[in-house]
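Every chain is named by a letter (A, B, C, D, E, F, G and H) in the order it is written, and numbering of its residues begins at 1.
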């Protein structure tokens, strides 16, 4: 996309394009003028990361319009929170889509390619946190990071965490996913100097209150080096990790 | 007190006391008939633990009436949540009182005597939790338990907790006091088979919400063997530990 | 399991095993190295209680992997929060499973055996609390405690509770299960010197807020000798009771 | 006041007053036209209870204006939530005021006179609830009810409540004041067929959350025959009891 | 039932029954000894109101056991919160049941009979509150009160409420049912001296938070003479109204 | 409707109608006397806006009665929150209804006609907010306002908002619909002197808590000129905009 | 200020100012370059309302710097939430300030001048809401609106509100200030077609929860034509009213 | 400190120290054995950041003990949340302390030295957020980062933020501090590819609920690249920024 824009600017310099034409191009280009849906293709320029679509709450019809647009423009694409039913409704029309079931993510059919220098580790506390951890893992891979994962390493069995301790400093970012009391990030933070992105999950019951217990735990951690994203927001953690890795690379 | 009652019953059997007199004695004895304050001296009989007064929110005048009553009856006494100002206002009239400043507790002036078989360990996560931990520690001692303490052993520095691990199984109950993210009980529970009474504290700020974060953490612990008392309720933890120890003894 | 480990240690002492081999054995043994699921067989050594699986939110596929692992290792097993549909999907492959419908628990097919000395009583306030009370009852039995139950003894009809009073001191632990205003533990605590594990339930409606009313009631009880586990956490109460009974035995 | 109005109406009938004059009188009379403060003297006509002033948050200056107005009109008066400092600032100018310190209430200096047929009982659970209970007690007396009180009868010592049981049915309304877990109304409701007005208090600490625990308890009571007023609203309970007693009389 | 008990007592006096036999009879009678379900037939004696079953969350199987018991003993019966599906499953076995669809209530098949002297008015603010209002209306009728109803009289159209004003003082109790902002009780309280039982409903959306907005409104009413029951608790309001009417009668 | 009433009043003047007949007409007219449903046809007179029915939670049967009444009286009609299933159940009986699917609104089959002078702009932050934005858009049109819309202009891509800035002052009211962090109104308010009605939506997940995050954001905006309606209340915003426009016209 | 800018632009056109000089002027002018405080003098141009300073939480030192800046530039000024102590500390240095004590507002010493066509009415429910109502009243006056006020007209005495009804339609905006149950806006909205800005206040106690009860009430009003600003935000309501009036004028 | 430890290890290798002596040294060294306070000097080794003391809630006496310990060991020191009164009580005994008043931080008296490669920008939305922003700024400087600041750049005046846009990508981390609606991070995130650490502040009033509104806003941001620390936790943001910069350097 950068190429297209640079060419237009060159055309303007060489007189092929009038000032007014350039302006109109730029004004219209970055986002489609569909009155109901303005895709922000500009974002890749501004932030180094393609537009990602939050699939939750979107109808099959809305998703179809979005995928069509992306396909026309030839942009890469990452759609989160797509359950298998909506994916099934899309895959006939768009055969190039790839569905990551555990993570509930649709990507364009390409290999994830590590372009950043830093390395990300995704930790999850319990087997039930897997869905959110996978959203973080797949997102991180497809946003260009070398990414590894270690699941089910909750603090009720410290031996699991301690056995990983010596690896922690080798990563640039650790994404720590935990529900229930959400103590994993606190414990890991005490064992490493790698920054931690904590992801509370809504896993639990009773006074868990939809992830509130884990969220408050992580925000109140007595250990430094933890910052928090929204409940169940595996993608958001991967996104933040990517921005950090872009600074390193 | 048991003695007094047994004597009365004996007197009744031997005819020294009529049925009506015995009834009146029993009805009036267990609690004073002060219309504003009914002290439950009966409780020691029923529960093996003397009446404890919750001092918070009570005026000096109310405390004075209570201490006077106890002194007359000759009962032992434990008053919690008494700040130093109210203690100062009481000590002239009742020279036999002993004030435990860090714990904000008044007891009658006697040595704490271990009568139970089990042993209690009071752990606190941070230096700021000391007030609550001391309330638990002094209460536990005066309720008849051998009691030890280790403070400032929060999870941000796991080495502190791990260095104590081998001692944990030697106690019958561990009282774990923690504010902020309240992760200490979860971590300790993973390292021992001793039951843990968790005490969340209101220490913290921001989304701590007066101890809510620690409370929810402890209730949602993924590790078994933790039960929880109210925020800042050091005395309540000691009380529960005492009942458990009475079962052991 | 202890036997296997002791044998290895002996082998090491007698030279059959090198230091490195012993280390590797110990590092790998306690938990399976399945990257998605680390079962903590070590826990039985550390805490005297086998690994218990929290079944809620786990797929049939995840449960199948877990049961298979347990069956291979020959470990005992307790899986909570399994609805009848998921049990139905498992029972063909694993004929040795036993399903406790009211409690929604799967155990390996053996008789519950009382190995602890203390005795547990499970009380429930209303008929609607039965599900949670049964989770506590079955769990307590299978974790090795003599366990009895009395259901539907809520405080709106005090006669029910009072008729049980004289039995209360005969137990080492009372598990009191109640929804709505959760007053049962407060009342029972006033009648006995047995420690009470209170279990708030989400039974109720309106300002019950999913169990919050009962939870706050129990945490704020004016009667000593109550500690609380998470809303609907019948298993957690049984687990805590078991640890206490192990101290007695 | 009824007299004044009836006289005016009579004057109108006999022609002493024109229709327009009567209208103006009625329009202006019921509430003073002070743009900042409209006292509702009409209320006594409509509801049988004089205007009561909620003193909390009102400045001495505002209170002075109110007392002056009442004194001019010759109306009876009940001002709640007046701390001793503000009372001290008022008493020089208005020597006829009577201050009920424990209840923090100002009344005009008259004897409380029972005009209703029903009888009210004010119960309080703990000594710390006294302030709120006294607000209910004094208010009930001055609103015209025979009123009795029994304080410090919380459920942690059931004997206290049970010893009162046989009296309960003798009252037309029971006002049950309790903080902490607020279980008193549930227990009393199970022992009587007298309707109960429950008053949660903010007495407590930690997860009491300013009276929320007692409020939710009372709203969620499994025992019928309880309705609830706002936290610490002793006056509101007395007011409701008065309306009920007016129906009986 | 009273008859049975009086007969037994007489038998005891005349020697037909030994003391031990009487005791056993009384101990067992008031509630069935089904270990899972203790119906409190005693309650009618104590409170003048038959045992009412809260049907929500109870399985068809549990309901069947309850109805059977009631039928055997010949007691009247009121079961609330029974949806039409569960009723359908019961009606074949128990042809004498009567289902009140709008109120979701099952009663034994008899005419409601006004035995109390007071008269109850059920008001509802909006058409969507009908379900809760009907629960109050049918319950009040079957508990023995003359009961009338006026629905859809919310404050957004004051004319509706004002047109009813002159009737209000003719009732002994007004039950005011409202969701959303719950202002109806405040407005009605300003227009009458009849005590009001306010029932917040969960009708609404958004920041209604399941009835919290109406509940808080009603608790915080600036108008005296309102006491509140739980969200959607139409039955509870009728029960309280009945106790008040029994005092009048 | 005004016509009917004016005619009646004229009839009264000319003697065709007695005073009593007029009174009865007026008393009965404004709202139907259906005991279960009082439609407020008077409202159009009082507020210039026809009665609007809140369709959520109403059964097909209730809706049918309402539509029938409106059709008989010949009134215009706007029913919100009607899902497509209930519309399908109504459309056979009432062929003149028009269904706006995206907005979930039923209107009588007429063209929306701009009668007010001011112009309304509906903004929405994300594609998922469309449902609520359409409710505002269709409602505003049918209540008589010239209305335009720009969707998917959230603050994560400021260029979208800034490209609209110069148009903002041309509207009399801007309705800003946003979920998640709800920052759109704050940003727009900083760019215009047009008053903004902010509509928080329940779109989001995790700590969104059903729209609470957007609601609090909008209430706490540091930019002046924002007032807020309930979560998801697109209709309410349109209603308020209409009242403002009526003042302008 | 417009004059200064227009002059600079003219200077640029006539060559007195270079492009660079103009740019620098414009960049620096709208906000002072004080690194700690950027006053937005530009806002008057953009929004027609001068910068208003939120005084709460600002030190005397910060206020002094602000007043000095305003005085230098010669701008009008409105500072809200200044208690009398901080005003006292400022008035010696800035003799031209005018302090509105009841409203806690500082303005420059000028007469409020009605420049807008619409007229604003400030209503308050109770005498305790006066502080917030005065903040709205003074702000509205000084922002250029004809403004009137009627205080203490809460719904507990409907006669007060009804006596004002016929005036309501004469205003362009009504600001309705209420604490406790916050029912005033709902009732007023039912009586007029004037748009209402509702201001919840933190006046109350107990389950008022700092204004939450009134806030939720207002957001959930069943009457259309109400939009809400933050708790106690009298100024915000006046600001919104001003923007609406500017559209009318 | 590393030096001391390396020397000990060397001594052990050369035989100056026995294995037991080394072990004892290591066990005791990292944290002082004061039973009430265990300072974690080890942390600098593990995490590259010296122990930081959270000063809030600590008494002067506790602070004195801490400063003394640090001074003896010769460690650098950073104590946050020390109000000027407690600083005044300390400064006589420890003349080498430096107090940063706006940030409420004590450091040892040295120059902040940038050792990391990345550069941090601290943004604050309003003048009232200064306290928290300064805590972040001073902490970041003293933890070794080049740090710059721009205050009072809230979204109500977008020009302020937009004028900084081109600088944003030049930083490795942006710390965005905002109270009220907390929209600043969302807007900044849309303008840059630098990761943002968002700090909600408790600045605001009413439905701000102690910072909850800003916290929820930031967690729910629709813009990627934001992670959040606790309310008012300026230090925590600086700490996280430091860990990120250490990865870059």
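We adopt the following convention: contacts are C-beta pairs under 8 Å (C-beta built on N, C-alpha and C of every residue); 3 or more make two chains touch, one makes a residue touch a chain.
All figures in this text were calculated on a predicted structure; none of them were measured in a lab.
Peer 1: Starting at chain D, figure out the least number of steps needed to reach chain F through touching chains.
Peer 2: 2
Peer 1: What's the chain with its C-alpha centre farthest out from chain F?
Peer 2: Using the mean of the C-alpha atoms as each chain's centre, the farthest one from chain F is B.
Peer 1: Once you find the CA centre of chain B and the CA centre of chain D, what distance in Å lies between them?
Peer 2: Inter-chain centre distance comes to 38 Å.
Peer 1: With centres defined as the mean C-alpha position, give me the chain A-chain D separation in Å.
Peer 2: Centre-to-centre distance between chain A and chain D: 59 Å.
Peer 1: Measuring from the mean C-alpha position of chain B to the mean C-alpha position of chain C, what distance in angstrom results?
Peer 2: About 27 Å separates the centre of chain B from that of chain C.
Peer 1: Residues of chain E touching 2+ other chains?
Peer 2: Residues 54, 126, 156-157, 190-191, 206-209, 212, 215, 219-220, 222, 224, 230-231 of chain E touch two or more partner chains.
Peer 1: Determine which chains touch and list them pairwise.
Peer 2: All touching pairs, sorted by chain label, are A-B, A-C, A-F, A-H, B-C, B-D, B-H, C-D, C-E, D-E, D-G, E-F, E-G, F-G, F-H, G-H.
Peer 1: Over in the complex, which chain B residues touch chain D? Could you list them?
Peer 2: Result: residues 27, 30-31, 35-38, 40, 42-43, 54, 56-58, 62, 200, 202, 210-212, 215, 230-233 of chain B touch chain D.
Peer 1: Which positions of chain H touch chain A when the two form their complex?
Peer 2: Spelled out, the residues of chain H in touch with chain A are 46-49, 52, 54, 118, 172-173, 190-195, 197, 215, 219-220, 222, 224-231, 235-237, 239-240, 243-244, 246-248.
Peer 1: If you look only at chain G, which of its residues touch chain E in the complex?
Peer 2: Per the stated touch rule, the residues are 125-126, 154-158, 162, 180-183, 186-187, 189-191, 204, 206-209, 212-214, 216-224.
Peer 1: Taking the touch rule as given, give the residues of chain G at its contact with chain D in the complex, in rising order.
Peer 2: 126-128, 130, 149-153, 156-157, 159-160, 163, 203, 205-209
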